[in-house]
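The following blocks contain the structures, represented as structure tokens.
Shared chain: subunit A. Partners: subunit B in the first complex, subunit C in the second.
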Partner chain A sequence: MQAKTMGQRRKGLSLRGREVFSGFLFISPWIIGILLFFFLNLGQSLIFSFNHIIIDPDVGGFSLRWAGLSHYQHILFVDGSFNRELAESIFDMVINVPLIIFFSLFMAILLNRAFLGRGLVRAIFFLPVIMATSAIEGSLELIMGMMMGGVTSVPPEIMRAETGFDATSIAFMLSEFGMPSQVIDYIIEAIAMLHDVIRASGVQILIFLAALQAIPPSMYEVAQIEGATGYEAFWKITIPMVSPLILTNVIYTIVDTFVRSEVIESTRAMMFTTTTLYDGTSVMAFGQSSAMALVSSIVACIVLLFVGWLISKYVFYYN
Partner chain B sequence: MTAIRAWMNSPSFDNTVQKWTGKVRDFIVGICMAIIIIGVCYIILSPVIGIVSTAFMTVEDMMNPLIFLIPQNVTLSNLDYAVTHMQYFQGRGLDDFIIPFVGFNVTEAFMGAVYGTVVYDVAEFLSGILSGALFQTLSFSVFFSAMNVVICSMVGYGFARFKFPGSNALFALVIVTIVVPVHSYMVPMFLNFRYFLGMDWNLLNTWWSMALLTATGVGLRSGLYIYIFRQFFRGLPKEIEEAAFIDGAGPLYTYTKVMMPNAIPAIVTVLLFSFVWHYNDTFYTSLLMTDSNFLSVRLMALGPTFQTVEAIWDLSLIQMVVFGGVLLVIAPILIIYLFLQRYFVEGLERSGIVG
Partner chain C sequence: MTAELELRGADATPVKKKERKLAKRTKKLNRSFAGTVFLFLFISVFAIFTSLPLVLTISNAFKPLDELFLFPPLFFVRNPTLSNFSDLFILMQEGWVPFSRYVLNSFIITGIGTFGHLMCASMAAYPLAKNKFPFQKVMFSIVVLALMFSPAVTGLPNFLIISALGINNTYWAVILPAFAFPLGLYLMKQFMEQVPDSLIESARLDGASEFYIWRKIVMPNVKPAWLTLIILQFQGLWVTTGGVFLRSEELKPLTFAINQIALGGVARAGANAAAMLITAAVPITFFIFAQSRIIETMATSGMKE
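Right, the complex of A and B next:
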């Protein structure tokens, strides 16, 4: 009897209803996760940023004490390092992201041509993704100075002493040519970060490479028959066709750069420090750390939204 | 003279000039390409070369300015030191292995009865290997990448093939989880796992914290994997699925028996990336599993350990041992990469990120 009514109910449920039901069934683990571990945590993070968190070993748990806007006030106006680090991280992003995008598009176009040992080169280009961990990166900086003779990640004074290569003389030369100093600064910065840029663009190169291979060759043939030069074909075919992936890559790069930035490091370090309130209670700096994390994340999200909006105006969708 | 002038005016001259300029241009472009590609490859490979050569150097070689890259006296002492102090093969023993799983000290609870007997010694030896950093890291990465494949493919399939109210808005939330940095909510995450469900129930330093995150699709870069699977499943032709439905297969059966076997490229991609990212992870391991024996955590501590234990302040000596450690950490993943690099590179191209 029970089975029969169940069967009737199943039959009674429309095809549409069944689809909705099984759709929710498939994504149900993720719905639990996003409610329990994403939104709950994000909300708590907001609450924590307005409170002092007092760990109470006797009760087993923690209690909150209202702190108002004091954490935000402290990190933005009192503490000297946070706004500097945040500004530096954003500035690094502004320099890094265009460099990584240009470099990876350029390398993808090079790698898209047929040449001897292409498979090997592609394998090597992807190597940095395999070794991308902050545990190794710290030690890599040491070895880079040794291997490169110091063009990368070594102060100019040491570089000159070790290799006789003088970056300032090149800057001098460029400024004699009449280049604006901002451009020179950017070039010097770019050369100094060459290794970082190459290391950070493994995934982006592959994504661009796949996008290039997805462009139908007939397009180039038509362009050639119509008399377009290679230069024109690049701007009129290649760039529009890979533009959706430029958006993807820019967003990936911004997130990736932000996660490795200095401001995240200091937020992490702040989490486990202890401060003392006016009445002598010692508190873990969870509240302040939450405020730091939220402010930096909001800034990063604003950058993402702005850049995403800006680029999506120029993105061309073929289909 | 007239013959030369006649030849210069003939069309065959133009052809010859065109042919040769073309050849010269190709040659110059080829040389420029080779210079750029070889240069970039050197920049990428140089740290690996440097690390490998330094890891085998003796102190004398290190201090000798005449020696570059090729050590005169090859030694294993750096590696040996790193193996011992990173607890590479041999961990601290039973408790280290078991506590991450069950969350309390088993030795006191159960092993007290067999203390002093052979059983205890054998258990102690085996658990030593099992608690070594290499085994712990490898098993951690394998376990959670497999878990990611199961959960994220399910969620991705749900998003790809079923129309339900709010499905687009929910999928936008997946993108939000990719973009919003985990750091913005790491404090509550840490405290919630320390006092799980508001009780004095400590899930830190156990695998449970990570397992809960991964099983609910919000683990280490899970959002990205859901995105990959969703894109991939949308790219598959709908006909095979419809055929299965007509033959009377339910959604779950279709997913396990029809869709998953067709999703091998996406599975391989997610499996490999998830493995590598779990292997290299320092964020979750240093936030939720500080006491556990993971290579990345051990590597970060190796330099300071060497410095304090041996009371050595010469940077280049510390560097030698640290590079030994780095070599030990990257060696397994490099070996895996050597054999599977085709799948890494091709998988990303075919997994539907681009489509």
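Right, the complex of A and C next:
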């Protein structure tokens, strides 16, 4: 019997070999996907960032003309707005990410408790994610416009209202009551900030909820039997058990705020516009916007790697 | 809750103290009514913030046209009517692609995309979290990097790749990239990290194959994770309009049709409000359904260490 199993094992792979093999097998669909949709993308963008993209209306395609580092030179040293936008975006990120993380963890802990209508309230906190889609937002804009007295009479600032209850209407109300404008400004800023934080926390709350639910209840039971207070249980059980997902959420939030940031907005806006070169050929600004995307991605990556490294030192894995 | 406790503590005798301790303990298990009310109020404040757009959407969908254009605007509907929905269906019948086709397209894209992503992400996450194999660290860093490199700024390369694959103007142009969505993998990996190694080792010793371990041990133990992933991916795919990839009208998803109605402007206001409610209702329903399936897992319940 013993000999037989030994023989069998010698024929096949070793345990270690099997582990490696199955590891690659499991991960291969992913690798193919990432090669196709990430590496090719990255490579293509890199090539574009070093070239002028000249549209050829006769053929219906485009051709590339080597531009060297000129796109990079332009965005970093000639064009004033890119640097400023990038700095602002990073600064916003630094302020918003901790706020969003604290708020979403706090909300997740509250929503994890048992109370009537819990499922509904959880859905409500996920609503901003659902409603923040282009189709729904476009329709909401139309409706807001109508509610404010017909589409034509509405200035674009009001049209852009994202909810039925935006900061502008509150400001209007308060100034009618005779409140000093500095106070109103402060309140508006606070509300707008709160609103932004809540809007950006939907996914994070959901991830934290899942993390909280993955904590075995027996741990809390033991803590309670041993006489730990709720405060102790939070710091000694909840936080360590949730910590891997704090890392996930921080990384997700950084990416999410970055993707919505001003610098990406302007990159995207620029992408399909055309500019004219000094010799009169019309080129697509995709080359320059690729350079912008790459530079800002690299900067954001550095932030991401630093923050990730910092947090992962404190992450506790149950094993 | 605290006030009550302090009142009791005022005339604390040793016996009372013991009683108080007992009361405290039971309180921790079932919170008092006042505590619940406070909690509920606190959550409500934030909930009102986020639910306003939806309330507005629902209310608008049932408003008759005269109320939709009323100034100053009404927040709640006064004379609810279903005429907006019938308008929408009449409008949709006029189009040469039936409304049901858009709905079907949305479900095909969302369904296959979500399922495929769940499979890819959770299978790839398992070895990343639990096996040791070469380039593991490198691969994981690539995942994080891929998260960063937003698809929003890679419009042109993405289009070229999709065209080169020959899947342009098919469902796959939208579905396949969704499979490789990096957040899902990251999420699954972090959760699988928490599954006790000893559980997997014992299964391995009992002769279970890696696939069996993944399906029967790891996946049930990270149920909250993959339900969350399904919710996120469902939401992400439900809202795609197909963009430049789905050019044939009969392949376009529901959100595209809704967008078209919204572009119709004031004349389509009623139908637009109804269509918006339908678009929003599906992911909300799905969310409530999926969330209710998430219950506490028992990863360590069978363990004796």
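Keep in mind that, in the parts below, the second predicted complex is superposed on the first by the 218 of 319 C-alpha atoms of A that agree within 3 Å, B and C clash if a C-alpha of one lies under 4 Å from a C-alpha of the other, contacts with A are read in each partner's own complex, and residues count from 1 in each chain.
The definition used in the following text is that a contact is a pair of C-beta atoms (placed from the backbone, for glycine too) under 8 Å apart; a residue touches a chain by one contact, two chains touch by 3 or more.
Remember, it's a predicted structure, so these values are computed and weren't measured experimentally.
In the superposition on chain A, A:Tyr318 makes contact with subunit C only, while subunit B stays out of contact range. Using the contact criterion defined above for the overlaid structures, shared-chain residue A:Pro29 touches subunit B and also reaches subunit C.
Touch criterion met: A:Ile124 reaches subunit B and subunit C at once. Residue contacts after overlaying the shared chain place A:Gln224 against subunit C, while subunit B stays out of touching range. Touch criterion met: A:Pro216 reaches subunit C, while subunit B stays clear of it. By the touch criterion defined above, A:Leu247 reaches subunit C but does not reach subunit B.
Residues common to the contacts of subunit A with subunit B and with subunit C across the two structures: 19-20, 22-27, 29-31, 33-34, 36-38, 40-42, 44-45, 48, 107, 110-111, 113, 115, 119, 121-131, 133-136, 138-140, 142-143, 146-148, 194-195, 198-199, 203, 206-207, 209-211, 213-214, 245, 248, 251, 255, 258-259, 264, 267-268, 271, 286, 289-290, 293, 297, 300-301, 304.
On the side of subunit A, the complex with subunit C involves touching residues 18-20, 22-27, 29-31, 33-34, 36-38, 40-45, 48, 107, 110-111, 113, 115, 119-131, 133-136, 138-140, 142-143, 146-151, 162-165, 194-195, 198-199, 203, 206-207, 209-211, 213-218, 224, 230, 241, 244-245, 247-248, 251-252, 255, 258-259, 264, 267-268, 271-272, 286, 289-290, 292-293, 297, 300-301, 304-305, 308, 317-319. Those residues of subunit B lying in contact with subunit A across their complex are 30, 33, 36-37, 40-41, 43-51, 54, 151, 154-155, 157-159, 161-165, 167, 170, 173-174, 177-181, 183-192, 195, 198-200, 212-213, 215-218, 222, 226, 250-252, 255, 276, 280-282, 287, 295-297, 299-300, 303, 319, 322-323, 325-326, 329-330, 333-334, 337, 341-342, 344-345, 348-350, 353-355. Per the touch definition, subunit A reaches subunit B in the complex via residues 19-20, 22-27, 29-34, 36-38, 40-42, 44-45, 48, 53, 60-62, 107, 110-111, 113, 115, 119, 121-136, 138-140, 142-144, 146-148, 194-195, 198-199, 203, 206-207, 209-211, 213-214, 245, 248, 251, 255, 258-259, 264, 267-268, 271, 286, 289-290, 293-294, 296-297, 300-301, 304. Contacts from subunit C toward subunit A in the complex involve residues 25, 28, 31, 36, 39-40, 42-43, 46-47, 49-57, 60, 68-69, 71, 73, 75, 119-121, 123-124, 126-128, 131-134, 136, 139, 142-158, 160-161, 165, 176-177, 179-180, 182-183, 185-187, 190-191, 193-194, 196-197, 209-211, 214, 222, 224-225, 227-228, 231-232, 235, 239, 241, 255-256, 258-259, 261-262, 265-266, 269, 272-273, 275-276, 279-280, 283-284, 287-288, 291-292, 294-301.
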